[in-house]
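Shared chain: subunit A. Partners: subunit B in the first complex, subunit C in the second.
Up next, the complex of A and B:
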């Protein structure tokens, strides 16, 4: 039982990161109806910028974080401006392919930066573990989990109560109608890309606490995509739940099955879960129920 | 206040929808725009409010001026800021937002929080029925309630000119009467000019001071509303006041006369 709980806790914490990646993709999808693969790169570059400012230049952590958010925000803004804005009004699949192209381009840049090596960010969260009733709780991950949940809360509140949030929800429903009520849809797209880039970067930085930055960081974006799909693509709570489920499933299946089959179950579990859930619920757990009056 | 001069609109680079339309909406007046389906009424409104580009339409010729400024090339949100708000046909709402949020979104272009709050109060005075529905998800409203929400939303932008696209369509006669009373009230109290697109020619003409009739992307006849009401052709095609089924459109019989008007 206690091993199970142990896997559950570790999974939950990992799931928090997945949920953040998922949310960054959901944000973009909600507003622009574009499924973005590029967010994996935003995550990787978020981690890299943090390494650059914190590890390489040795700036204080708060300043490093702010600079990192600024840099990644600019990156998201530029991607939207140069690659996705021309796609407004074009078929959605074309926009999807553009995000794929963005992914490939930045993947090349990322590999160039790494030069085949790894980048270790110096310790910025405690690496010790707390022992609570025989369970090991890694402090650093616990902190980043709590922070991710806080990010969730902030995004949720922003959506529900702020003016920008209202504009975003309106834009998400109907672009033409939003414009006719005086909302600048183009500005909304920019805002949403900047915000979602920062969210992806936070996920990247959390990951950098656990794993050194290496070449397959951007692939975390694919997991985020799975999380978003499982959650229903348009739902923030869905992404949260999807992320946590994925993290927990990964850890439990790996914990119990890895000793038997000799490792690697973790990666399979994610995709298997996607398949099963999408078979049962094709629109995801929280896919938007279209309001239709009869 | 608003003037269109020889406006030409082409969709998708090939389909000519407006073929040189000229109209005027004077300050503080109600002007109606009549015509059959596909005459170009909605396109005219969309050309004014600037949302044409979202459906690959483009104003290719002519001028659209509002209070002396050319607005033909402006972004829709800037046009709203100038004081023109379109109430789109079909009573389109943000269905997943509540009634209250739908109304609030209308004030998006404004930043005077205190005034906005006062205006929200006023909207609920215009439409008391909405007060109880405040927290309801608007996708579940009935047609009449939707019409009130879309008009309330438009009012929140404090428009100088409201473009109303078929507010009466699909509503019961009682509701239509009520809605049009409110339109008149808005016009008088808020001094909002109203450009009204309608199929219900009778009620539109009795409300407005001036009217235009469109057919096939052109204005075929225009004049003071009471004159139009007396016009034999209008009576026949839009008011249904003569033998049914004999002539189907203005075009079939008045060709030579129109031609004369176009050329001379």
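Up next, the complex of A and C:
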């Protein structure tokens, strides 16, 4: 029982990061109806910028974080402006392919930066573990979990109460109608890309605390896509739940199945889950079911 | 579109692939050049054509399911791997002849592909892309964790053999690979003159409308995946016996991206597009590899051997520009050039 609880806690911690990636993808989808795979790169570059400012230049952590968010925001803005703006009004799948191409471009750059090595971010959160009733809780991960929940809460509140959030929700509903009520759809697109890039960067920084930056960081973006699909592409709570489910499932399945099949279950559990969800509930747990017309 | 003054009197004429004597000349000329190439071509070019031909077989399969039938598949490398491993296990472990293993590898890849394509009955577009991506990772994971596939060590299949002739050099393998490429190109081109091919195109245009018109979606979508994966399996088998090593690293997620990119750059829904796409991407790669030593001496901070990473970025950039500025790919450009040649003195 206590091993089960231990896996549950570790899964919950990892799930928080997955949920953040998922949230950033859902944010973009809600406003622009574009499914983005490029967020994997935004995550990786977020972690890299943090390494650059905090580890390499040795700036104080607050300034490093702010500079990192600024850099990643600019990156998200540029991607939106140059690659996705021409896709407005094009088929939705073309926009997905554009994000795909952006992913490949930045993957090359990322590999060029790493030069086949790894980048270790210096310790910025405690790496000790708390022992609560026989269970081991990694302190740093717990802090970043709480922080990611806070980010999630802020985004939820922003969407619900602020004027920008209202504009975003209107844009998500219908681009033309939103434009005719005086909301600048183009501006909303830029804002949403900047915000979601920052969210992805936060996920990247929390990951950098656990694992050194290495070449398959961008593939975490695929995990984020899975989270978004499991929760339903339109649903922020769905992304949160999907992320937590994914983290817990990965850890529990790895913990119990690894000894039987000889390791590596963790890499593939997410894809099994995605296949099952797509076959049983194609639009995710909280997604809107679409009825198609000819 | 036919130029003014060309009329087809019979249906046979209308659907003919080779229409005029110039076409026959070009076809026969190209085949003669292709088959006599090892007598005067350089070693490098022969090995390049071998690689390109195998890729063309695989991408033809992807073009059938993606360009013609509209079902996006990101799992092509995994299906290729299934074919390669089937062939390698049959020949290396059980000592069965390559000529039996080749069709069997196509069949096994087709069956695995058909199962992986089953979600296409409920979902499409982006969701299907993710489902095939998941299938890719699951298949590759299973391959890496089975005993019979040699895990991450891979397998070493022997070269094929005709009678006493062992096909173990580039020139000898060349004839086998190029023949397979010609046959599969013809088969793919021919498919779209048949009922099955037209059903695929109808599904691509709108699957609900196709169903209303009497196209059995269940049957034809699975058939599209099956045919596509048979191509992938055959290509994979040739790949295995050409390189004489099969390894999970040869079939990664990045390869899936390359293959989809080749189809998009070449032009969706066009058989010549497959050739353009493969050639263009390969050429781009060669240029980057060729220029990377120069670049790394000009900009030392790039580090040694930036070729692979730069190639990736260049490919992504090409893909991006093609989707934004020329979504119908190089094949569309080719059609435009052909049209203006046919109509030459007139503008239309």
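We take it that the second predicted complex is superposed on the first by the 288 of 294 C-alpha atoms of A that agree within 3 Å, B and C clash if a C-alpha of one lies under 4 Å from a C-alpha of the other, contacts with A are read in each partner's own complex, and residues count from 1 in each chain.
FYI, a contact is a pair of C-beta atoms (placed from the backbone, for glycine too) under 8 Å apart; a residue touches a chain by one contact, two chains touch by 3 or more.
It should be emphasised that the depicted structure is a prediction, and the values quoted were computed from it without experimental measurement.
Trainee: Per the contact definition in the header, classify A:279: touching subunit B only (first), subunit C only (second), both, or neither.
Mentor: Only subunit C; A:279 stays clear of subunit B.
Trainee: Touch test for A:111: subunit B only (first), subunit C only (second), both, or neither?
Mentor: A:111 contacts subunit C only, not subunit B.
Trainee: Of the two partners subunit B and subunit C, indicate the one touching more residues belonging to subunit A.
Mentor: Between subunit B and subunit C, C touches the greater number of residues in subunit A.
Trainee: Looking at the overlay, does A:2 come into contact with subunit B only (first), subunit C only (second), both, or neither?
Mentor: After superposition on chain A, A:2 lies in contact with neither partner.
Trainee: Taking the superposition as given, does A:101 touch the first partner, subunit B, the second, subunit C, both, or neither?
Mentor: second
Trainee: Which partner does A:226 reach: the first (subunit B), the second (subunit C), both, or neither?
Mentor: A:226 sits against subunit C, while subunit B stays out of touch.
Trainee: Can you list the residues of subunit A that touch subunit B in one structure and subunit C in the other?
Mentor: Looking at subunit A, the two contact sets are disjoint.
Trainee: Residues of subunit A touching subunit B in their complex?
Mentor: 89, 163, 166-167, 169-170, 173-184, 186, 288, 291, 293
Trainee: Would you mind writing out the residues of subunit B in touch with subunit A in their complex?
Mentor: Answer in residue numbers: 49-51, 53-56, 75-77, 80-81, 85-86, 88, 92, 94-97, 101, 104-106, 108-109, 137, 139-140, 153-154, 157.
Trainee: Within their complex, state which residues of subunit A touch subunit C.
Mentor: Spelled out, the residues of subunit A in touch with subunit C are 35, 83, 86-87, 90, 92-94, 96-98, 100-109, 111-112, 115, 219, 222, 225-226, 229, 261-264, 267-268, 271-272, 274-275, 278-279, 282, 292, 294.
Trainee: Under the touch definition given earlier, write down the residues of subunit C that touch subunit A in their complex.
Mentor: Residues in contact with subunit A: 72, 118-119, 122-123, 125-127, 129-131, 133-135, 137-138, 141, 144-145, 206, 208-209, 212, 253, 257, 260-261, 264, 302-303, 306, 308-317, 319-320, 323-324, 327.
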